[in-house]
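The structure under discussion appears below in the form of structure tokens.
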Amino acid sequence: MVNVGIVGGTGYTGVELMRLLSMHPEARIGAITSRAEEGVSVGDIFPSLRGHVDLTFEKPSLSTLIGCDVVFFATPHGVAMEQARELVAAGVRVIDLAADFRLKDLSQWKKWYGPEHIAQDLLEEAVYGLPEINREKIKTARVVGNPGCYATAIELGFAPLLASGLIDPASLIADAKSGASGAGRKKELSIIYSEVGDNFKAYGLDGHRHHPEIVEVLSGVAGGGVKLKFTPHLLPINRGILATLYANLTEGGSSLVRESFENFFKNEPFVDMLPSGQFPDTRSVRGSNFCKIGVQLSEDQCSVVVISVLDNLVKGASGQAIQNMNIMFGLDEKMGLNGLGLVP
Amino acid sequence: MVNVGIVGGTGYTGVELMRLLSMHPEARIGAITSRAEEGVSVGDIFPSLRGHVDLTFEKPSLSTLIGCDVVFFATPHGVAMEQARELVAAGVRVIDLAADFRLKDLSQWKKWYGPEHIAQDLLEEAVYGLPEINREKIKTARVVGNPGCYATAIELGFAPLLASGLIDPASLIADAKSGASGAGRKKELSIIYSEVGDNFKAYGLDGHRHHPEIVEVLSGVAGGGVKLKFTPHLLPINRGILATLYANLTEGGSSLVRESFENFFKNEPFVDMLPSGQFPDTRSVRGSNFCKIGVQLSEDQCSVVVISVLDNLVKGASGQAIQNMNIMFGLDEKMGLNGLGLVP
Amino acid sequence: MVNVGIVGGTGYTGVELMRLLSMHPEARIGAITSRAEEGVSVGDIFPSLRGHVDLTFEKPSLSTLIGCDVVFFATPHGVAMEQARELVAAGVRVIDLAADFRLKDLSQWKKWYGPEHIAQDLLEEAVYGLPEINREKIKTARVVGNPGCYATAIELGFAPLLASGLIDPASLIADAKSGASGAGRKKELSIIYSEVGDNFKAYGLDGHRHHPEIVEVLSGVAGGGVKLKFTPHLLPINRGILATLYANLTEGGSSLVRESFENFFKNEPFVDMLPSGQFPDTRSVRGSNFCKIGVQLSEDQCSVVVISVLDNLVKGASGQAIQNMNIMFGLDEKMGLNGLGLVP
Amino acid sequence: MVNVGIVGGTGYTGVELMRLLSMHPEARIGAITSRAEEGVSVGDIFPSLRGHVDLTFEKPSLSTLIGCDVVFFATPHGVAMEQARELVAAGVRVIDLAADFRLKDLSQWKKWYGPEHIAQDLLEEAVYGLPEINREKIKTARVVGNPGCYATAIELGFAPLLASGLIDPASLIADAKSGASGAGRKKELSIIYSEVGDNFKAYGLDGHRHHPEIVEVLSGVAGGGVKLKFTPHLLPINRGILATLYANLTEGGSSLVRESFENFFKNEPFVDMLPSGQFPDTRSVRGSNFCKIGVQLSEDQCSVVVISVLDNLVKGASGQAIQNMNIMFGLDEKMGLNGLGLVP
């Protein structure tokens, strides 16, 4: 039984970790912390968990967490890098759902996340937690940087094509759309219902912090630099990301496109390649840990469109974190993650 | 041409006042104030108004407002009562969209809105701005307390039945549902999209500040005390209130029910009584100043159900405020308010 | 291992049965039928189930179903009563998710569902599948009439008060609101997105077919006739019912109200009575089999308001059907139903 | 006063024509036809119009329409081409909101719309009703093919760049998202609320009928063939299109990009070019006839992203049709179209 600690459990990735772990047969939540809600029972803030997650938010403290086998940081950026060193030193493994251990390029970190990185040694050894690319490294990792939600959808959609050299790595476009829960559970005028409901918009057109993460990972896959245009949009839905990906084929009319996906994801338990002519909608993965992908060649056979969907709170965050935990602790990778998409 | 001032123009009732006044042939906005957005152009905050409302938010100041014919307060509760006296003294008429001049009962004011009321003399002369009940008094009012959105829907739905003595005044139940814009444009966790979208809840079950307002007005109509149960709910829609009203008939099988509505609203330009068997949905009044009402007798003919809908930002706030302004300045009551419901 | 047959698997209760059964450790789907989709794989119609429900829709036929231990009818009203007799004769137990085996009063059946009932003998022995009231009878039932979604929410909300004699049985009002999936998966103009989205309406004001079902069941609980006003409304959400229930207390100021609920549901695994001052929203049960209930006494202590929520496709249909199956086959009642509400 | 006839008034473009014309000071609706709803009053089907559009649906007949100055066809594709010839012969001008008079290329017509075109002579003289490109020709047109909704958004977004030669005409990508009303008011399983709500998907990936229309028009603007990738998506909103447009600049770092838009739309009453760094959301044009556009150069200055939004039922259909009517009859082009975006 894996003893789990959760730091910062009052956000959406926190409540999702608890929902998923409540169904996990080999994990138990030993501690959950929140500075703001210390002493409050989880069920009072999240009535959906009443009677099944019988915990009370504690003040964050090393002594509480040090007894855990693994600690998930479901906190804002910058918290995990402050606390990880002591935990790792004590033999606790760390999975950060924020960005502290994602980007290897420190100049990009500084540009997008502000303060100096204060755990550069850990960052160096940290493993980017995308099992479809890094499964072997994740097994033994002491620190895992859990991928961003946009990043996961886009990386899984482009990786097979880049790995097989079928597309021009300088031609990538990701037109991505995310549900509102991707913005987190916080008091912000731009995400209140009356601003988002029955509305649609693009944002981050002059740059988005997920961009360098995606470029770094895809460049690794491609074995060389990639160029990516990335436009995020805000959907009036709770959960779900759909990324529409465009790239030019290196040689026209490639019949190898679909094959590259099928090979790349052959044994992947959580990537579902749809048959020719089918394309996934976001609800098909609502609440589940799947990424579903559809592919279409252009009529002139010179380019390809990929549709990649996932639930930003599951495969895009808490579900993938648990998938990583399963890998790290030698459990069945699918354990606790067998829920299917809630339709409708 | 009526010269209009708007205090606090950055909320939803403020932007709605501007949208409606931009189509009003006999009114112009002379000044719009906002402490927080001083110096910012209206079009930068509300791109929908770009090019048609060419104003800049000013710091609130008496000297700016004193040149207006009428000042709308689209502010939180408590602001109008601080500033109204000087404006009225200078001959400026005041329409408050908040609650400062709605409740005559000062103990209720204190219970629900907190601080001592500091303009009790003005409150005494203030007219409750529901034209269907107070049209004559509104004509000459110096201060109008614009009704609440729930209050308007519920009062219009019960008034004909109470005025004609057809229902037991102790049996009133208002099960009311409001769109999210009724909560205003503010940073609050409970109204972010991820809390409201694809969700539904009741609130205020231990009491709601609109309750005493409704009871006060309906008691006036009934000529004696009424007893009301009122349960508000939060709908995942932007605009619209639908109130489902229940009451027991004083004598069974009354054929006078429909007649009471038709008589009461015979010459009303903004109340639309639907034919027998038809009931309004909220979109039928989206963006318009209408209140639409449907009525059904129970099978045993002993009670009645009334469905009353309006747009909380129009007939429930800014539209009604302009209707009041039209009445106060001797204009055609319908002027600038001829927009029909946006469907779909 | 219980061998399950599903008749009519292309509707929302059908896909929900499959989603839930895919996580049930002691049940397997042996056959799924659909006249319209014969030969089509389940995953092609419901991509959310791809790879986990590897079945193909078959033509409905007795020979296919007769090998099952239990057959769920997820069909329109009138189908189960045609096919149940042969199945029961062959020892197959039947759970009907439609209305064929809910109403004991045949005149009400005829009034609301049209044709003559052609399996009156089975109807007589059929058990109304609300475990909180009929658990013992369900254990040995050959035919279970699974309750309607509105009916479940309203019956669970009123039952404790009626059973304990705390409320006047002639004073019941149920103002109920349902998500759009309650209307089923069918081509109908009134339920297309552009008619329902960002909109809200009441319907069925001149009578609704769930009314006699609720009255029949609650009269049984009360030990005498009850009188109920019932107004259904259509919410722009996918799943979820919230019923706001009103009743007059037989003696004012009863401190027994909360106690009556706590006693009635003491050992119920799927009814969650919220603490005083808390009221459930629909999302707290999204995708889960719980009914959550909150209670409030009026200020004058003369009446009570109950808020009852459930997911219309789970506790209101497929989840409750599986709960019934678990009871009928001696399994742990909670088996396969441990999913918690999807929030947000 | 222009006497208007509307053929097929029961769809969303029909009701929107009526809503807008009810506010038009120089037009009156003389006749409205619908085969299915003959004899029914408009207000019974669209309660939002009750009391302000006092018409009854008539059986379509030449004699009724021949007395009109202009007839709008708000019908499915293929109806206008059957009836236009007799109307034109009688001196009635025709504005078709469907596709019958949009595409000049008959092979494309046949490929996407099926039957042989039976009014090829009229098609030849028909003018594509995009005022920003064809204003002069529209003035005297006897037959106007009103542009598609996607087409309007995409054409206005690309036209300035193509006209000025700033972008590579072979590099166009339009990732477009539309609200559900774009699919029309019809009984179709794929557009019911439970399929669209809280969901998002791409469609038409193997080709969409608006594609040839856009290519034809943009090729005209560019003075040579353009190549376009076009991916439509279905948004869970009622109204609104947002098109995210990508193109490669012919010479890097062009400072002329913004200038090209400002020049192209300098005197356009219904195209609003947002300031640098601002991008429109769909609600900013909800219910209004505006197209709002924002532009961003990529960081490497080699490509451009354009965000173009409009209300698919107004500038994308009925509003643009009235704008065309105003031009054809020498009225102020903005007449009846002064409504601003409904926010929120």
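Labels A, B, C and D are assigned to the chains in the order they are written; within every chain, residues are numbered from 1.
Assume a residue touches a chain if its C-beta (ideal position, glycine included) is under 8 Å from a C-beta of that chain, and two chains touch if they have at least 3 such contacts.
Predicted, not measured: the structure shown is a model, and the values here were computed from it.
J.: Any chains in contact with both chain A and chain C?
T.: Touching chain A as well as chain C, we find B, D.
J.: State the chain with the largest centre-to-centre distance from chain A, centres being mean CA positions.
T.: Computed centres place B farthest from chain A.
J.: Which whole number of Å gives the spacing of the CA centres of chain B and chain C?
T.: That gives a centre separation of 39 Å.
J.: Taking the mean of the C-alpha atoms as each chain's centre, how many Å separate chain A from chain B?
T.: The separation of the two C-alpha centroids amounts to 45 Å.
J.: Residues touching two or more other chains, restricted to chain A: which are they?
T.: Those would be 12, 181, 194-195, 197-198, 236-238, 280-281, 283, 286, 344.
J.: Tell me, which parts of chain A touch chain D in their complex?
T.: Contact set of chain A toward chain D: 173, 175, 177, 194-195, 197-203, 205-207, 227, 229, 231, 233, 235-238, 240, 242, 244, 246, 277, 279-283, 286, 294, 296, 298-300, 303, 305, 307, 344.
J.: Enumerate the contact residues on chain C facing chain D in the complex.
T.: 12, 180-181, 183, 185-189, 191-198, 236-238
J.: Name, in rising order, each residue of chain A that touches chain C in their complex.
T.: 12, 15, 19, 22-23, 44, 46-52, 181, 197-198, 238-239, 272, 274, 278, 280-281, 283-288, 292, 338-344
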